[in-house]
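Note sheet for the following structure.
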Amino acid sequence: MVTREDVENIALLSKLFVPEEELDGLTKSMQEIIDFADAINNAPADGEGFDNINNLSNVYREDEVVPSYDCKEILCNAPEQAEDHFLVRNRE
Amino acid sequence: MGTISKIHEMLTTKQCSCTELTKSYLEQIEKSNPELNAYVNVTGDEALKAAEAVDKKLAAGEEIGMLEGVPMTLKDNLSTKGIETTCCSKILTGYKPIYNATVWELLQAQNAVMLGKTNMDEFAMGSSSETSYFGGAANPFNTKHCAGGSSGGVASAVGANIAAYGLGSDTGGSIRQPASFCGIVGLKPTYGAVSRYGLIAYGSSLDQIGPITKSVEDAAIVFDAISKQDERDSTSKGSSEETYSKLDNDIKGLKIGIAREYLDGVRDDVKEAVLEAAEVYKSLGAEIVYFDLPALKYALPVYYIIACAEASSNLGRYDGIRYGYKTAHYNGTHDMICRTRSEGFGEEVKRRILLGTYVLSAGYYDAYYKKAQDLRGSIIRSFNDAFENCDVILAPTVPMTAFEMGHAVSDPIETYLTDICTVPVNIAGLPGVSIPCGFNAKGMPIGMQLIGRSFGEATILNAAYKYQQAAPDKFMDTKWGVKL
Amino acid sequence: MKYELVAGFETHIELSTKTKIFCGCTTQFGGEPNTHCCPVCIGLPGTLPKLNREVVRYAIKAGLAVHGEIAEIAKMDRKNYCYPDLAKAYQISQLYAPLIIGGYVELSNGRKIRLHHIHIEEDAGKLIHKHGDTYVDYNRGGVPLIEIVSEPDIRSIDEAKEYVERLQQVMRYIGVSDCKMQEGSMRCDVNISVRPEGSEKLGTRTEIKNMNSINNIAKAMEYEFERQTDLIESGGKVVQETLRYDDASGTTSSMRSKEDAHDYRYFRDPDLVTINISREEVEEIRASLPELPAEKFKRYTEELGIPEKDAQLLTKYRKISEFFDEACEGVKSAKSVSNFIIGQIFRRTETEADKEQFDVAVKPKQLNELVKLLDSGKIRNNLAKSTLEKMLDSGKGALDFISEADMGGVDDNALLELCKAAVESNPKAVEDFKNGKEKALKALVGNVMKNSRGKADAVAAEAKIKELIG
């Protein structure tokens, strides 16, 4: 059972605001999707589990320095920046 | 038809210059894009610059590769340095990457001429391209119908001859389904065959980049060019064999399997077309075997649980700090981030983030995410077993033909169901190619897919090519775009 | 009622690999803001992590050094939480299959603090808060960390301090981290609870986050111990929460607001593949480890006869112990070597940083030569001491200050003559000694030493003089 509280909690975890008036609708729609997902509850798994698609292991980088990017490039997409930092003003 | 080989021949025999060719594509984009909405960003200047470089080479009498100078497009979730890459989401508006996706690097090295970035469902979440912040892409066969999704823009552009080919991404069918809807070819490679570096992630363990083309040969040419092992993607292996040179291999004795579950709930016209294709294969000397794949029953919920869980994590980074959209008014950092995300993401994306968060959250992880992973293992092993008895699996790509615009957005679950035939391949990480196999009564294309063993692209493309040779009338061109 | 403190530590240690854990950017401390960054470590959409092989090796080294079991299969997980210093909104870490299981740190009182596990993960960037605004620098984002998670085995503040010091010492020995708490390359979260002495049941714990000096750890734990004890004594209940320690006020306060729901939704990172560690590799790494401080301590005290207190000083830093080991080669008395180091050389390395560097003018080989001269009786202790001072001033060897004549020694006849002369020329001292002034004897011996230019055996001289005066 998906409750309003569940939806409020996962919205907070997801950093999304759900307006009060949409909460009931969203709870219902989430319930429908979860009902759909519940199809797997009784599905028989063969118990061997899953690791990764091609069963790859030990893919590494060597510890060699690669030049970093210019600070200007790093910051070029920032909505706001100051003193070579990404800036988050407290309010706007 | 504006295929890669045709364009290559025209360029090398100097029937036209690359600049002339590029200009005619750009003109046609200008003419038809208002109706198709295939492109969300046309990069004419860059395209002409790339074309000029090819012309110089040609003028100097140098040899050019198959993909050199061929006008193409990229789905807008592939990172292109200095060129806006939005995933068709408000939250990434204005974002210009500072690096290139590996696939784009590989194609650029071959002097590909990129005409622009194409439309898609927001963050590749959808089946009609209508969740795009820029509105849906139309189907070249009938613009009242959608082009499919999520790589709807690429399919629309290639189907309408305003790109010779394009690269899309496929998480649960996003290459094959729009290719099927638009009557063209779409290849979803084996997971790991093509580097994901620079593909803006939706479901990382499912995502693969692949070509959408007008012909099977073109799909093979592009796949061979992009299927390289990449140092930057730990899950990338590259492809071990060339596919293009094996297209015309004899398929006598090839065992083609049909899983009964794949035909359940499929519309009659689609089922008929697929079974007719099976007859064509028989006539080519292939053997048709029927079998059961009961694990498919759970594929759809397994897919949605895994894809949404990964998406909820992948999409956490859009917070208005480093790139993209940021809300105008807020009070405090937490408020800023929540407002930015609430305003920047569309409804479907938010729905999937919430679902993904839910299935990973304390108390639900075992019942949903972990269970889905276990079932994923079972599904993989069922496919392995199936391939003990056949070489290729034949199935419909989509249970229906392209729906009308506005239809897909009405009911999320019903829309999810349209992915039933495509998602198993992503869950199992297998290669699948969709090719046209007929038309319905309204003249809309029907597609079928050929599914292969892991890294078995050569086999499925070979089988696809043989069908294309035997049934050329299924590969029908549209009235749009550049006529070569 | 008396209360007992129960504490467990989560210690984050930055590994001193050249590059970050998932990209080729440098891990160097400092640097202008956002200059040690690339698309991967600022989490640009579409980028992918690639694991630094050396991080795995360093973590295995660390694991072996604290007696942990190295897992055969390890995996990377995502820990999801949204905060401006975390560029991807998840930290790549390990929960379900960490690299190292178990292990322990042994304290000087003989108690073993058990470890739960050690895992590898990436560090977050740095936030600077100015006038309510937040400035973000991602230079530190993606620097490799190991997190060492202990069991709640610590029972006192002294044990806590020693636990941290031991970890610091051993990690520096094996060279996986500089463990500089002031630079943040070692940080501790302390889980602390109290219970009535003798009780077996664990009390409700609080977690004090991110402490960056041993002093603060001690002060914060002391405060928290008092606070919890008072709370329980006055009938209250400890609330499980995360605390921040404020150095200025010396108090702890709650860190979380209701905005930070904490449910990390850990799941396997699909971008990274399985880590398979062969037993051969583990053995190879084990063989490459230097002798660890605990092993050295045991050897110094048990085999070389060094007092425990001195052995502790010698083993505190790897460079000192290596100096000592080299200077000891082939000498009869390791104790002399130790005494020279602790008594004289330490005066030239006053700060802890100097001791850690241990960059002194005298090379271990030179001290070794000096001690060998002493061993063979060619020179006496006083001469050796004064010579070492000259060596420390100049960087020259012992033989630059000791002549052949100095090394002649003083035979019995010569000693008798010297003693006679001392007695004859100092009647006052002789008189004083006869009147019971023991000190006067020292003056007479001093005279012999002076006239022999330090070569005479002081003990023998004293015996002779006593004989002469009767």
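Should a chain be cited, it is by its letter among A, B and C, assigned in written order, with residues numbered from 1 in that chain.
Rule of thumb we're sticking to: contacts are C-beta pairs under 8 Å (C-beta built on N, C-alpha and C of every residue); 3 or more make two chains touch, one makes a residue touch a chain.
Please read all numbers here as calculations on a predicted model, not as lab measurements.
Colleague: More C-beta pairs touching across which pair, B-C or A-B?
Modeller: A-B
Colleague: Point out which chain occupies the most central position, where each centre is the mean of Cα atoms.
Modeller: A
Colleague: Using Cα averages as centroids, what's the distance between chain A and chain C in whole Å?
Modeller: One centre to the other, that is 41 Å.
Colleague: At what distance in angstrom does the C-alpha mean of chain C lie from that of chain B?
Modeller: 57
Colleague: How far is the middle of chain A from the middle of chain B, if each middle is the mean of its Cα atoms, in Å?
Modeller: 23
Colleague: Indicate the residues of chain B shared as contacts by at least two other chains.
Modeller: Correct list: 95, 98, 205, 231, 234-235, 312, 316, 319, 321-323, 333-334, 337, 357, 361, 373.
Colleague: Where does chain A touch two or more other chains at once, residue-wise?
Modeller: Within chain A, the residues that touch at least two other chains are 9, 13, 15, 52, 56, 59, 61, 69, 74, 86, 88, 90-91.
Colleague: Could you pull out the residues of chain C that touch at least 2 other chains?
Modeller: 39, 42, 50-51, 80, 82, 84, 134, 136, 259, 263, 265, 268, 270, 272-273
Colleague: Mind listing the chain B positions that touch chain C in their complex?
Modeller: Within the complex, chain B touches chain C at residues 77-79, 85, 87, 92, 95, 97-99, 101, 196-201, 204-205, 231-235, 309-310, 312-313, 316-317, 319, 321-323, 333-334, 337, 357, 360-362, 365, 369, 373.
Colleague: For a test of understanding, state which residues of chain C touch chain A in their complex under the given definition.
Modeller: Those in contact with chain A are residues 17-19, 22-26, 32-39, 42, 50-56, 80, 82, 84, 128, 132-138, 259, 261, 263, 265, 268, 270, 272-276.
Colleague: Across the complex, what residues on chain A touch chain B?
Modeller: 2, 6-7, 9-11, 13-17, 26, 29-30, 32-34, 36-41, 43-50, 52-54, 56, 59, 61, 69, 73-74, 76-80, 86, 88, 90-92
Colleague: What residues on chain C touch chain B, complex-wise?
Modeller: The contact residues of chain C facing chain B are 39, 42-51, 78, 80, 82, 84, 87-90, 134, 136, 259, 263, 265-268, 270-273.
Colleague: Write out the stretch or stretches of chain A touching chain C in their complex.
Modeller: So the residues of chain A touching chain C come out as 9, 12-13, 15, 51-52, 55-66, 68-71, 74-75, 82-91.
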